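Let me give you the structure first, and then I'll get to my questions.
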Amino acid sequence: MKRSSWTDYQKDIADDNYYYARSCIRQNFFPGSEKVFLDILSKDLGRNIFDDPLHTSCTGIGYHSDVVPLETIMTVVARQFALMSEAGYENFTSSCITSFGIYTELLNTWEEFPETEERTRENLYKATGREFKIPKNLSHTSDVIFHHREEIARKAVRKLVNVHTGEPLRVVEHIGCHYAKIFPKKGVGGSEFPYVLAGMVESWGGEIVDYPERRHCCGFGFRNYLVQANRGYSVANSHKKLESMAPFKPDFIVCNCPGCTMFLDKWQYTIAEMEGTTYGQNGQGIPVLSYEEMAGLVLGYDPWVLGMQMHQVDVEPLLDKLGVEYDPSAKYLGRNGKYIGRPERAIVNSCSEDTLYKIRR
Amino acid sequence: MAKYFDMLLEDVRLREGLTACMNCGVCTAVCPAAAFYNYDPRQIVCMVQTRDDATIEALLKSETIWYCGECMSCRPRCPRGNTPAYVIQALRTLSQKLGFFVESEKGRQQLALKRAIGDNILRTGYCLTPRNIRPELHPEQGTVWKWIIDNDEQIYGQFTSVYGKEGAGALRKCSDETMEEIHKIFEVTGGKEFFDAIEQHSDRKAREMGFDGANEEYFMEVYTRNSNEHY
Amino acid sequence: MKHVIIIGGGIAGMQCACTLAEKGIATTIIEKDSDLGGKIRSWHVLFPTFTPADQVLSAVRHRLAKAESVTIKTGCEAVKITPKCVTLSTGEELTCDAVVIATGFTLFDARLKEEYGYGIYDNVVTSVDLEQMFNKGEVRLTSGLTPRRIAILHCVGSRDEKVCQRHCSKVCCVTGVKQAIELKKMFPAADVFNFYMDIRMFGPGYEEMYREAQLMHNVHFVRGRISEVSPTIDGRLQIKAEDTLTGRPLKMGIDMLVLLIGMRSNDMNPTLEAESGLKCQPSGFMQPKDSFLGNVESPIEGIFYAGAVTAPKNIGESINEGTAAALAAAEWINK
């Protein structure tokens, strides 16, 4: 893609000493991604990052479901900032796009309507006795990986290249609406041609695929997924994206936002079961990765250590293209190799059953 | 009289989200809700800017304000610097404060959201936790998710040492002190009051609809009911 | 002999020089390009009469060539202006008895509207690019094929707070209709769509041309602004808009998108304000002394304005202002 404008949207991303805020959705569906993010930062890159046991959800999903009032979420966010200052940090990094959107929006609201910040300070003090400082630097965790992408490239054990053909892998990036659509200047590359994931993919040898519905929402839509009666909205919008990208034959999808990662994975299962349609090559689904998983694979982490067995769409076809050595029989094992049964097979699980595994069963 | 418009103006999101709309339609053009429902965010903004009480009251009781997914795709495009989704957020908040939300099928779902997400925040400190994404209510989550829930400690245990326990890490239990602070924040900032209002208005409506109050049966009704008249 | 310096050698400045010469006043035209003529040199035919732009420019050039005591200085800019002296970018100082500023406008840079992919996607062109294609006599897609479905988008860089251009550029609506007719004449089988918010047909014959576009050429008009453009697998473009008259979102595959780029205030205007004590309007265009009684006068006596330096204007209006500024300057000199 001839992307010319991303350099106009450079943002400051702190180099070290981060206060880490976890994501409700990411820790639920991709706990391996959160773990490997911390490992990459501290072990591979030698950076200091603090995983605080005191912070909570930002309540963003409640806010965007319109049950948590603005004043309440402002105060919860203020508490997170207070915890950061108390721990001696100034650089806040959030594992969640919804949260990142909330933080950028509230910081802007406080600036534009100073009375709301005043009120928040009073509320926080009244409720918890805490006081907060505005973070010096606010980033999403993908910004942090983007910031270190060249260092990761130098330490990489493999590139995003098909080992059989030598061709760069074709990657669809999905940014997540709240990363830059709320404040385009707060996201690397802006809202129209975001570069945060594209930059990683390009640095690590892959190739970005542009397609008609690239900027379209994954279909989460908060209440539109969370309430069963509304889920048609959610699957219809994911369906629209998948239909639009499929002709471009991407090797995998990489997502910025934990929700999008989950939806683009799970709705492929639903669509396959409902209609028999699959979007990948050879009747398989398109593997959907978090950027932490993508970074982890590039750095040589084991896919099951990355938690890729928690995906519904099989990732093995991608692992094979990348030339990743993995133990198929270890995929669905519990702690310390304990046999815990395996998920029921679905259409998007196209990988052959492992014989060893069958014997154990 | 612009009683409702004045009430909306108290919400900073309306002040930020609505200056003047010239009906160009760039918001509706990319709106995922407009692609799915019979929905047009431009028209909502246009109705709100009439400042007319009857028009806004009808909106507050309507289905249409509940279609938006708050993805904010409308925000970066508007040539007048409006954010239709912010206008929606302000309308939804006012609709709940005034108890008008129970007058529509999609509005009544706020009870389900309050109980599923809101109560979970007050119980756990998180919007969602593995065990409240129950496979029987979430068939779309697939077979792997069912396997995960059936073996949660075995699976999460590989990635976090504090699954359901206190300490640093994924899916840890928030300490009692932390939860006390969260509860205090909800009390001080009107979050609890807002939750209670959703319950009370829902209870009133549930009785009106022949339920024995806003019980589990009513919850399942609002959670699953789709009249299919939204498209 | 009295001497007036005219800054800007576009159509307004040239007309101004002709009129002053006819009144026996010497002029110097300061032009930053290497040739006179300004923006009109790039246009193909002019609305609503389809008169070749070159014909209008040649007529003025011809008059100017015959005029006496006209000095033309190209390739230089004025950096500081007083009624009695103009300092050039070369450091040269020219004395005079009055100054007319006819520096015109700057074209909006379509790349700033990133959602339309200008400079990124093939076959997204501006109205100025299209005029140049018309001048070459060939409109082709990057593939070499002829377009079968073309969308023309109004208000690109006009009426848009996101790019700090709140004003209406006035001439784009009629340009869009004119270009649609030209395209239909070239490609009768093609579908041509104008995406507009308001069709502002302010001049004589414009509304009639709009009607003709619909009646004679079957040009389609959709009331809605295009929200985004993206590439399709078969090398076409997908656009999204709302048809606001039916209230439904609209998605369409097209071969070519024409962006009707607006008139921005001249990039030099802030310098005029800072160095010469003149005033800009909130739109960035220069503020005339009075919008009714002093349209071609600046707040500084002895400095006059002509053409699009004060607001978006069409060719006829710019030529008229060239005349009006010349008369006002002459009157002031002889006072």
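A, B and C are the chain letters, set down in written order, and residue numbers restart from 1 in every chain.
Following the convention adopted for this analysis, a residue touches a chain if its C-beta (ideal position, glycine included) is under 8 Å from a C-beta of that chain, and two chains touch if they have at least 3 such contacts.
Every value quoted in this text rests on a predicted model; they were computed, and no experiment measured them.
Asks: My parser should flag the chain pair with the most contacts; which pair should that be?
Replies: Going pair by pair, the biggest contact count turns up for A-B.
Asks: Quick one: point me to the chain whose Cα centre is farthest from that of subunit A.
Replies: Most remote chain from subunit A, centroid-wise, comes out as C.
Asks: Between subunit A and subunit B, what's the gap in Å when you average each chain's C-alpha atoms?
Replies: About 22 Å separates the centre of subunit A from that of subunit B.
Asks: Between subunit B and subunit C, what distance separates the C-alpha centroids? Give it in angstrom.
Replies: 48
Asks: Could you say which residues in subunit C touch two or more other chains, in rising order?
Replies: 115, 228
Asks: Among the residues of subunit A, which are close enough to touch at least two other chains?
Replies: Expected reply: 192, 215.
Asks: So which stretches of subunit B touch two or more other chains?
Replies: 30, 35, 76
Asks: Quick one: in the complex, what on subunit C touches subunit B?
Replies: 115, 155, 159-162, 197, 223-228, 240-244, 247-250
Asks: Quick check: in the complex, which residue numbers of subunit A touch subunit B?
Replies: So the residues of subunit A touching subunit B come out as 22, 24-25, 27-28, 31-32, 34-35, 51-54, 56-57, 59-62, 64-72, 74-76, 79, 101, 109, 112-113, 116, 123-124, 126-128, 177-178, 180-182, 184, 191-192, 215-217, 219-224, 226-233, 235-237, 240, 266-267, 269-270, 305, 307, 309-312, 332, 334-335, 338, 340-346, 349.
Asks: Help me check something: in the complex, which residues belonging to subunit A touch subunit C?
Replies: 1-5, 190, 192-193, 210-215, 247-248
Asks: Quick check: in the complex, which residue numbers of subunit C touch subunit A?
Replies: 111, 114-115, 119-120, 228, 230-233, 238
Asks: Where on subunit B does subunit C make contact in their complex?
Replies: Its residues touching subunit C are 22-31, 34-35, 40, 42-43, 76-81.
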